[in-house]
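Next up: the structures, one after another.
Both complexes below contain chain A, partnered by chain B and then by chain C.
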Partner chain A sequence: MLRRLRSQKVQDIVTAYVFLVPTLMILGIFVFAPVFYAIYLSFFDYDILAPQNSRFVGLGNYLEAFQDPVFRKAVKNVIYYAAVVVPTQMVLAFLLALGVTSGTRFQNFFRVAYFIPTVTSSVVISHMFLYIYSTTGLLNHVLGWFGIPPHNWMEDVRTALPAIMAMNIWTTAGQYMVIFTAGLNDIPEEYYEAAKVDGATYWQRLWYITLPLLRPVTLFVSMMSVIGTLQLFDQPYLMTNGQGGPADATMTVMLYIYKNAFGGYFRMGYASALSVLLFLLILVLSIIQRKWFGQEVQY
Partner chain B sequence: MELSKNRTVRAVVFLILSLYALITITPFLWSVSTALTKTHHVDLLLQNWGIPPEPTLDNFRYLLEHGDFGRWFLNSLIVTVCTTVGKAFFNSLAGYALARIEFPGREFWFWFIISSMMIPNIVILVPRYLIVHHLGWLNRYEGMIVPSLTTAFGVFLMRQFFLTIPKELEEAARIDGLSRFGIFWRVVLPLSRPALAAQVIFNFMEEWNNFVWPNLVARSREMYTLTVGLQVFKNEHYSFWNQVMAGSMFLTIPIIIVYLIFNRWFIRGITISGMKG
Partner chain C sequence: MRRKLAALFAALVVAAATLAGCGSKQESGTEQTQSQEQTGSQSSGQEKVTIRLTGWASSPAETKILETLLDGFRAKYPNIEVSYEPVNADYDKKLQADAVAGTMADVFYMDVLWAPDWINKGLAIPLDEYIQAEGVDLSDFEESLLRGFQMNGKTYGLPKGYSTLGLFYNVEMFEQAGLQPPKTWDELVETAKALTKGDVKGIVITPDHARFVPFIYMAGGKLFNEDKTEAYFNSPEAVQAAEFYVGLVTKHKVADTPKALGAEWAGDAFAKGRAAMAIEGHWMIPFLQEKAPDLKYGVVELPEGPKGRSNFVFTVAYAVSKDSKHPAEAFKLVNYLTSEEAQRQMIQLGLELPSRKSVAKDPFFADKPDRQALIAGVAYAIPFQYTANHAPYVDEFAKALENMILNGADPKTELDKVQAKFEQVIKQQ
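Right after this comes the complex of A and B.
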C-alpha cells in the first residue's frame, strides 16, 4: 500500500513536469532569455550583419540616446499622443458604455457596431484611413460641405500625428467601452433604486455611485491605455512606410527602435538601450497612475 | 443604470448613439464600395454617395489571379490556427499541473510563470528576433508560431478555472483507471469549454491581425501573412485604392464573420484578459 502510494507520488511529479516543460521552455527561451539579452546588448555596439565587429561601449548607447534629437522628438511625440488620446478615449468609451447600458432601443446593435474596429487589423484600418485622409478623400469631401478647403492631412507636420490620434481613438473606444460596460453591469441596481428613493438625480447617482464604484475599472483601463499609447507602432509605421514622417512628426519610440534595429541601421545594441529606456518610462508612468487612482481601490 | 423616462432625453441619447454608429461603420462601408468599383470609376464615388456606378468583382479576380493573396491567406490561416490551438493546449496543460497536481516546486514555478507577465513586449522584440535568427527560424512557420505557443496570462487563467472544477469528478475518473493525461483530456478539458472558448476566440483575433512579428520573421513573398502581404501590396499599388481595399477584405471579412458568430466570447475574452494576449 505504502509502496503504491510512493510510486503514485513519483508518477505525479513526473507528470507535472512533463505538463510544465513546454511552457517553461518557451517562456525561458522567448521571454526570460531575451530580457537579459536585451540588457546585455544595450552595452554593446552590435551590428547583426557583422557580429564580429561588436564592441563593448558601456553606457555609451544610453548617453547617446539622451543626446539624440530624433529619440527626444519620439519621446515628446508619444507623451503628447498619450496626453491627448488616453483621456479622450476613456471619456468617449465611458459615455458609450453609459449609452449602451441605458436601456435605449437597439442597444445590442450599438454594442456590436462599436466593437467592430477593435477586431479589425491595424493594417486594414491604417489603409482605410490613409484613403479617407487623402487630398481627394472622403474626409476632405465631407469637410467641403462646410466650406473647409481640402487639406493633405498625413503630409502636414501639424496634422499628421493628430490624424493618427483621431484614428486610434475611433479604433479603441469600442474596446474600452466593452470593459466599462462589464464594470457598469457589476454595479447592483438596488444602489440606484435606493438613491432614487432618497431623491438623487441622474447626475448625482452617476457622481456618487457609478464613478466611485467603477474606480478599479477606470484604473485598469487607464493603465492599459497608457501602456498601449506609449508603445504606438503599427499605425505610424503603416501610414508613413516606416519613416515616421513628415519630418519625424509621427516618429514614435517604438518606431525609432524598429528603425534602428531593422530599418536599415542594424544597430541592435542602440535599439536595445532605447527599449530599456522606454520600459522605464512606462514603469514610472504606471507607478504614478497607481498612486493617483489607486488609493482606496478595493477589489 | 436606467436613463430618465423622459421621452426627449431618450430620443437625444438614441440619436447620439446612432450618429456614433454611423461614424464607426462608414469607413467600412466606404472601403467595401471602393473594393467593388472599377479603377476609372473610383474618383466618381464621392459624387455618387459611395455607390459604385457599375459594381464589379474584377478587383478580387485580379488579386486572386495576379497577386499572392491566396497564398498569404493560407499562411495567415496556418499561423493563426497553429498558434491558437497550441496556446490553448499548452496553457491548459501547464495550468492543470499548477492547479491539480501536488509536486515539490509547484509554488516556485507558479510564481516563475506569473513573473513573466511583468515583462513588456517592447523590451524583448530585438533579442527575440536575434534568438529566432540564431535558431535558423527566420522566414519559417516555426519562427512565427513557436515563440507565442504559451502565455503566462493564459496559464494563469486556465489554472484559476481548473481550481473551480470539483475534485470529486477527477477522483471518480481515477478510480475508473484513467491516467493523469486521460483525466485532463477526457474529463477536465471538456468541462473547461467556456474558459477555452473565450481564450481561443480572443487569441485567434490577436494572431490573425498580428503585424509586427510576422513582418520581422517572414522575409520572402511566399512566406508573408495577409497583414504583411497587404502592406507590401499597398506600397506597390499605392494609387489603386479599389485594389487595396479589395485586398483588405481578405483580412477583414473572415474576422468579422468570426466576430459576429462568437460575439459573446469576444466580449468575455476581452473583459477577462484585457488586451494581454
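Right after this comes the complex of A and C.
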C-alpha cells in the first residue's frame, strides 16, 4: 500500500516536470541563459563584432563604472528622476483612484480618460510632447498668455529631465490609478460603516482604514514604479535622438547600457557589468521598500 | 492510470514539438548554406547565383530608381539574381547583428563614418583583386571620397555618391538687405548681424560636430596626425574655431539652434524662414523642393577661414561583406551600381552628387549653380570620418558642442574633455 502511494507520488512529480519542460525551455533559452551569460560577460572586455579578441578583465569593468563620469551622471539622473516621479505619481494615482471610486457621475468616463495615456505607445506620446515642449509649441503658447517668454525646454540642461518627468507622471498615473482602484474596491464596506457608527470623520476613515488596508497595493505600486523609473529608456531615447542630451542631462543608465552594447561603443562586456550594477541597485531598493511597506495589516 | 499516461504522452508531444521547432530551423539554415556553397562552386556554369543587397531606404523614389537599375543589372547578367533588402531604421544595428550571426547581405551600404570600424572588424572585404579583374578606373572617383574607404593601401568600397556642406542663403532676405553671400568668417558675422531682425536669426547653427569640424581646418588646425594615432581636439586652432562657431550664438547673438527657432533641424528652420542662412548639404535641395517650393535660395561654398577653405564630405560606399559566398559576382553588382551609366541615371533623381568626376561634368549640372557650389567643395574636403571606436569620444565631442552653445561653457575646457576621452579610448584598444 505504502509502496503504491510512493510510486504514485513519484509519477505525479515526473508528470509535473514533463508538463513544465516547454515553459522551462523557453524561459531557459530566452531569460535564464542570457541573464547568466550577461553576468559572465561582465568580467570580459567583449566586442560582439570581434569576439575572438575578448579578454578576461576580472572586476575591471566594475571598477571602471565607478569612475565613469557618464555612468555616474546617469545614476544620478535616474535617482533624481525616481525621487520626483515615484511619490508624485503615487499620490496622484491614489487621488485619482479615490475620485473615480467615490461614486461621482461619469465615473467610468474618467476611468477611461485617465487610463488612455497608459495604453498609448510611448513613441506617440514622446513625439506629441516634443511638439508641446518645442519653442513654438503648445506649452510656450499657453505660457505666453501670462507674459512668460518662450523657453527651449528640451535643450536646456535644467529643464530637459523635468520635462520628461512631467510627461511620464501624466502617462503612468492612470496605470497605477487602476491598481489603486482595484485595491480600494477590495476594502470591505463594513469597516467604513462601523467607523461611521463610531463617529469617525472622512479623514479619520481615510487615515485609519483606507491607507493601512491599501498597504499591499501601495507596496506593489511603489515597487513597480521604482523599477520602471530606474529603467527609464524609451522616452529620453526618442526625445533626444538616442543621445541623452543636451550634455547628458537626460542620460539614463539603460540608455548608456544600450550605447555601450549596440550604439557603436562595441563594449558588450562593460554594458553587461552596468546591467548587473543596475540590477543590484533595483534589488536593494526593492528590499528596502518591502521593509517599509511590507507588514500586512489585519483588523 | 490510463489518464495519467495520456497526459504524460501529451506533454512529451508538446516538448518534442518545441524541440523539433528549434532544431528544424537550424537544419534548414545549414541546408541553405550548403545549397549556396554548391551553387558557388558551379557559378561558372549556368547555375543562377543570388546576390543580396542591403542598405537604408531614404525615400520611395530612391528605392524605385534602384529597382530600375537592378533590372538593368539582371538583364546584363542573366546568371546573377539580385534580391534587394532595404532596412528602414537603425541600419547600423541591423547590420552589426547580421555580422555577428554570419548572415550579412553580399553587398551593403557602408557609411564613411562607420567605415573604419567595419573595415577594422572585418565586415567588409578588400576589393583590390576584383577591381583589377573588372578593370575599374579608380582615378575617375573623387579622391576625397575614395580615401574614406581605403585602409592600409587596400580599397574596401566604391562610393555611390556624396554631398559636401554648403552655405544656403535666403535670396529674398539678402536682396531686401542689399547683401551679398559672405565669403569669409568676418563677412559671415557682419552679414548675419545685418540679417538678424525680430524673430529671424542671421544663421541657424547646429550643435553638431558634423557641421563644426571643417571650421577647425579653416582655422589651420586638424583632427588627427597622418596615421590617426594622435588627435588635436584641444589645439589652439580648434579652440579658435569653437570660439568663432559658438560665438555666433553666444557672443554675437546672430544665430540660434534649430530647436530654439522652433524647428526640427537646420533645414527646417531655414525652410520656415526663421534663419537667413544654414550650413547643410545636398539633402537640403529635395527637402526644400518639397517643404518650401516657393522659397528662393542660393548656395555658396562655406566661407573661407583665416587659414583657407575646408569642408566635410558625407559619402556612402557599396561594400562586399565577409559572409558573401560569391564575392566576384557581388563585386560585379558594386561595379554596375557605381558605373558611369548607373550614376547618370541616379543624378536625375537629385538625391546626391555623383562620385565619378566624369558624371559631375554631366550637362544636368550645367544650369544648377546650387549643386555646383556643393561640387566645388569636394576638391578640398575631408571625409566625414574619425577613427575606429570613434563613438565614445565623438559623443563627448557632441556634448562639448552642446555645452558650449546651450550652456555657454568655455571652449578650451570642453575640448580638453574630448581630447581626454580620445586618449582614454585609444589606450583601451
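Assume the second predicted complex is superposed on the first by the 274 of 299 C-alpha atoms of A that agree within 3 Å, B and C clash if a C-alpha of one lies under 4 Å from a C-alpha of the other, contacts with A are read in each partner's own complex, and residues count from 1 in each chain.
Definition applied: a residue touches a chain if its C-beta (ideal position, glycine included) is under 8 Å from a C-beta of that chain, and two chains touch if they have at least 3 such contacts.
Remember, predicted model here, so these are calculated numbers, not experimental data.
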(message) Looking only at contacts as defined up top, I'd like to know whether chain B or chain C touches more of chain A.
(response) B
(message) Looking at A:197, would you say it contacts chain B, chain C, both, or neither? Reply first, second, both or neither.
(response) neither
(request) Using the superposition on chain A described above, determine whether A:136 touches chain B (first), chain C (second), both, or neither. (result) both
(request) Could you look at A:262 and tell me whether it touches chain B, chain C, both or neither (first, second, both, neither)? (result) both
(request) Please work out whether A:184 is in contact with chain B alone, chain C alone, both, or neither, and reply first, second, both or neither. (result) first
(request) Applying the touch criterion given at the start, work out whether A:227 contacts chain B, chain C, both or neither, answering first, second, both or neither. (result) first
(message) For A:22, using the defined touch cut-off, is the partner it touches chain B, chain C, both, or neither? Pick first, second, both or neither.
(response) both
(message) Per the contact definition in the header, classify A:155: touching chain B only (first), chain C only (second), both, or neither.
(response) second
(request) Would you mind listing the overlap between the chain B footprint and the chain C footprint on chain A? (result) 11, 15, 19, 22, 26, 29, 48, 136, 262
(request) Would you pull the chain B residues touching chain A in the complex into a rising list? (result) 1-4, 10, 13-14, 16-17, 20-21, 23-28, 30-31, 34, 43, 46, 90-91, 93-94, 96-98, 101-104, 106, 109, 112-113, 116, 119-131, 133, 146-150, 152, 155, 180-181, 184, 205, 208-209, 211-212, 216, 226-227, 230-231, 234-235, 241, 244-245, 248, 251-252, 255-256, 258-260, 263, 266-267, 270-271, 274-275
(message) Taking the touch rule as given, give the residues of chain A at its contact with chain C in the complex, in rising order.
(response) 11, 14-15, 18-19, 21-22, 25-26, 29, 45, 47-51, 134-137, 152, 154-157, 243, 245-248, 259, 262-266
(request) Sort out for me which residues of chain A touch chain B in the complex. (result) 11-13, 15-17, 19-20, 22-24, 26-27, 29-35, 37-38, 41, 48, 96, 98-107, 109-110, 112-125, 127-129, 131-132, 136, 138, 141, 170, 174-175, 178-179, 182, 184, 187, 189, 192, 202, 205-206, 210, 220, 224, 227-228, 231, 233-234, 238, 241, 254, 257-258, 261-262, 268, 271-272, 275-276, 278-279, 282
(message) Help me check something: in the complex, which residues belonging to chain C touch chain A?
(response) 4, 7-8, 11-12, 14-15, 18-19, 22, 92-93, 96, 99-100, 114, 117, 121-123, 207, 257, 259-262, 389-392, 395, 398-399, 402-403, 406-407, 428
